[in-house]
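Once you scroll down, you'll see the structures, which are given as structure tokens.
Two complexes, one shared chain (chain A), two partners (chain B, chain C).
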Partner chain A sequence: MILRKYLKVYKKFLHTSFASELEYKTNILVDLITAILSLVGSIFLLSIFFQNSGYIGGWKFEQALIIQAIYTILNGITNTWFNPNLTEIVKHIREGTLDFVLLKPIDSQFFISLKKINPSGFLEIMLGFLLLFFCVRINQIDLNLIFLTLSLITISCSICILYSLWFFISTTTIWFVKTWNAIEVLRSFLYIGRFPLNSFSFSLRIFFSVFIPIAFITTIPSEVFLGYSVLWKIVLEVIVATVFLITSRKFWLFALKFYTSASS
Partner chain B sequence: MVKNIIDVKNLSKSFDISYKETGLKGTIKHFFRRQTKSLKVIKNISFEIKEGEIVGFLGANGAGKTTILKMLCGLIYPSEGSILVSGYLPFRRKENFLKNITLIMGQKQQLIWDLPPIESFYLNASIYDLDKFEAKKRIKKLSEMLEIDKELFIPVRKLSLGQRMKSELLAALIHEPNILFLDEPTLGLDINAQRNLRKFLQKYNKETNATICLTSHYMKDITSLCKRVICVHEGAISYDGKLDLLLKKLSPVKEILIVCRSEEDAIKLENYGFTVKNKIKNEITIKIENNSITSSLKTILNNFDIEDLFINEPPIDEVIGKVLIKKDYDI
Partner chain C sequence: MISNLIKRKIFTLLKVQYSNMLEYRVEIALWAISGIIPFFMLNIWTNNNLNESINISDIMLSRYFLCAFFVRQFSVVWVVFSFEEDSLMGKVSPYLIQPLNPFFRYFAQHLAEQITRFPFALIIAFFFFIFNPESIWIPNLGILILSIVSTFLSFLIQFLIQSIVACLCFWTEKASSIERLLFIPTLFLSGLLAPVVSFPKYVKSWIYLTPFPYLIDFPANLLSGNETNIVGGLSMQILWILLLFPLFKKIWSEGTKKYTAMGS
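What follows is the complex of A and B.
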């Protein structure tokens, strides 16, 4: 019953978001062109890095392309859902329109995380998958059931970690009001996720695994694709994703107790 | 007997407010060591509101009216005291409680800016778990009551402020709430739009017996909608009771302009013992207490040759204005 209601509401979210975005046709076109150029630029940059040695951190160019593909999919998801919704939290809190969300008989985290959608991000997701299929072919990866399940688990976990980190930062707006910079820093760290973790020094690897788990976001799913992955890493990613999701949820509910609404 | 739908006891709310000195030095100091002070914005207030009542909250800017409304609808946690709204603790925001209330803010909007209001109505309908048929029926009924049936399919950004406010009302009422919290709903609207909105609220209250809590700086909203007012002064209640009693208390005298047939009569009247405000030739303005108007007028008409007579009520804004600066009204 509850699931049916939430699906119905989400269908409405999709409908209103698409309708809103389609009001501005040129904007969509520009976004689509930007997504294509951005992917081409990224592959070009990656090819420059590999021009001399052919290997970075033990990864070949064809293998590193997998990370780029996963990064493109995640970036597409970021642009489709996280960017239009989670940056809006800051606006909701600053302007006091979170009041309307909190007074609706629906989960507030669901509402503010999924209300909007940016259709042009879908192209990025599609491009990411196309690149991934291309990588599967050139790296001669065997597409069996175990491989597909593990890929799905690790990519889902990556999405959860990224969402939780972003949502956590946005929630702090309840106390700090402006947190744009922190979100920009997170996005910058995500760019780093385009490169294999082994290409960084030991200290940076620790930093990107423990403090800001970028390693979990792109490198572990890529290792699954290449058959390098070990089980403990996948289990660890699942644990990290679960802990992050639960913590972000608890943190949101805790933060709401301090919400004072904007003055009228 | 009509039951209480809102019950507030010894309610207080404090906020931490940061202070900043002027100038560069003050800015740097503020950046590194922020000085905060706990400010009690609501001070130990208690009141009850009965089902179907329309109550106006009066007070100057920053008196605490909106904070009270936001605590009543569960947006802000109270620091002390208790609130029960329709049997629920508002700040727990239980689903059944939220389905019973609505908040309308004149200066904030929930409609989707780029789409026609009907899209927002259907979105809200799905959130309140209404099926399409029921939602359609309610949208039709409310849009006819609000006279916006023609504007339903025009993007919100193209609507006038009045049309937008009416659409906001429809979006907020689609689930037919029993309790309406209205924070300056007529803000920025022209006179006709204000009147239409008031007419709608009266009708809605009459048809559904909904309880309405209203704040407004337009006195006409208060006088035409609310029989009872709660005056808030610096976070405390300075008056809670009938509006007409308050008005009588605040303006105990009426001014009467008397036009005498001759100047001699005016001089005679001037010396009769009434409180004279001014006298110009044969026109004299006197002040008479509300409770002795009938007897005083009888005396004047019997003893003086009067050409014309005008009884002037003091302007309501001027009278209510006194409430905003005074601490206590003992009636």
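What follows is the complex of A and C.
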């Protein structure tokens, strides 16, 4: 019953945000070119790294491309859902419109996280999948059921971790009001996800797996694709994802207690 | 008399914007942190011994990336985002009535932000030297002045390019997506992620004709004491400014003729 209500509301969200985004048609084309160029650019950078060395952190060029593909898919998801919605929290809090969100008879986190959609991100997701299929071909990975479920599990966990990180930082807006730049910091850290974790020095590796689990986001799913991954890593990723989701939810509810509307 | 007036205007603008920027110290600190990608790249380069193939020692490479960080810090431009917001909100109209080109306002905003950012950039550099004590060096005064000049010229080039893009707001309203498109070649070709010397030959043959290597690679090489053509670099920077400035003036005068205020 409740689920059906939320599905219905989500359909309405999709409809309205599609209608408003499609007003800017050339924008979508420009965004597509941006996504393609950005992928070409990062493959170019990767090729510079590999031009005089066969392995980076134990990864071959063809294998490192898988990380690029997964990064592109996740970046597309970020651009489609997280970026347009969670940057909106800042606006809600600055202008006091969060009041209207809280008064609605649906869950505020649901409303705030899924209200908008940016269709140009879909193109990036498709681009990522194209590269991923290409990688599956050149790395001669045989697709079987166990492999597919494992990769699906790890990628969904990555999405959950990524969402929680974004939501966590956006929630801090309730205290700090302007957190645009905190999001920029997160973005620049996430950039690390384009490269295999092993290519960094030991201290950075620890930092990016304990404090900001960027390691989990792209490296573990890529390892699953290559068949390198061990079971405990996958289990660990599932645990990390659940912990992150639950904490970000708890943190949102906790932060709402401190919300004092604007100009009141 | 007239020059005195202009000086007073610029001075007042700077003072106003500086006190404005000081209010958002945390924001600016966070923004400074979000520029640390060059250090991650340095980590990949040295950790995999990739620099041996391009004949740059570890120390010189770490200086290069530190300088790239500094040059980037003082040449960040966001005028298109400010202008787009002002134009969508209809704030441009009152600016247009004033006997001062609104871009002076944005220009002063950027300069004020750079002054505020300076101490934070120094703190980050201080931490960098704690972790890499062997890369400490003191450039001589002449080089220091020249590199400050070239960093400023790089800032001017980017400011002009973005202002030209910002003027497209008069026609399309959403010009920031074009800016995001232009940011991709800037990111990959300017030398922020990898020094231009390391680029493959087929890119090096044409890249020096574009403005990109003069944005970060040239000033960073100059400051860090890596090999570079000082006269050639500076004259190319000035050449690009001389090319872009008339273009900006043209598009500005065309655009203001086209301008129809929002909400009127």
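In this section, the second predicted complex is superposed on the first by the 263 of 264 C-alpha atoms of A that agree within 3 Å, B and C clash if a C-alpha of one lies under 4 Å from a C-alpha of the other, contacts with A are read in each partner's own complex, and residues count from 1 in each chain.
FYI, contacts are C-beta pairs under 8 Å (C-beta built on N, C-alpha and C of every residue); 3 or more make two chains touch, one makes a residue touch a chain.
Computed from a predicted structure; not experimentally measured.
Look at A:Val30: by the touch rule set out above, it reaches chain C but stays clear of chain B. Set against each other, chain B and chain C touch different numbers of residues in chain A, with C touching more. In the overlay built on the shared chain, the residue A:Pro105 is in contact with chain B alone; chain C does not reach it. When the shared chain is aligned, chain C comes close enough to touch A:Phe49, but chain B does not.
Contacts of A:Lys8 after superposition on the shared chain: chain B is touched, whereas chain C is not.
After overlaying the two complexes on the shared chain, residue contacts for A:Arg187 are found with chain C alone; chain B is out of touch. Residues 24 of chain A are contacted both by chain B in one complex and by chain C in the other.
Across the complex, chain B is touched by residues 5, 8-9, 11-13, 15-16, 19-20, 23-24, 95-97, 99-100, 102-106, 257, 259-261, 263-264 of chain A. Residues of chain A that touch chain C in their complex: 24, 26-27, 30-31, 33-34, 37-38, 41-42, 44-45, 47-49, 51-53, 56-57, 176, 178, 180-182, 184-185, 187-188, 191-192, 195, 199-201, 204. Contacts from chain C toward chain A in the complex involve residues 24, 26-28, 30-31, 33-37, 40, 43-44, 47-50, 52-54, 172, 174, 177-178, 180-181, 184-185, 187-188, 193-194, 198-200, 203. Those residues of chain B whose C-beta lies close enough to touch chain A in the complex are 15, 66, 70, 73-77, 93, 95-96, 98-99, 101-103, 105, 107-110, 112-115, 119-120, 122-124, 126-129, 155, 183-184.
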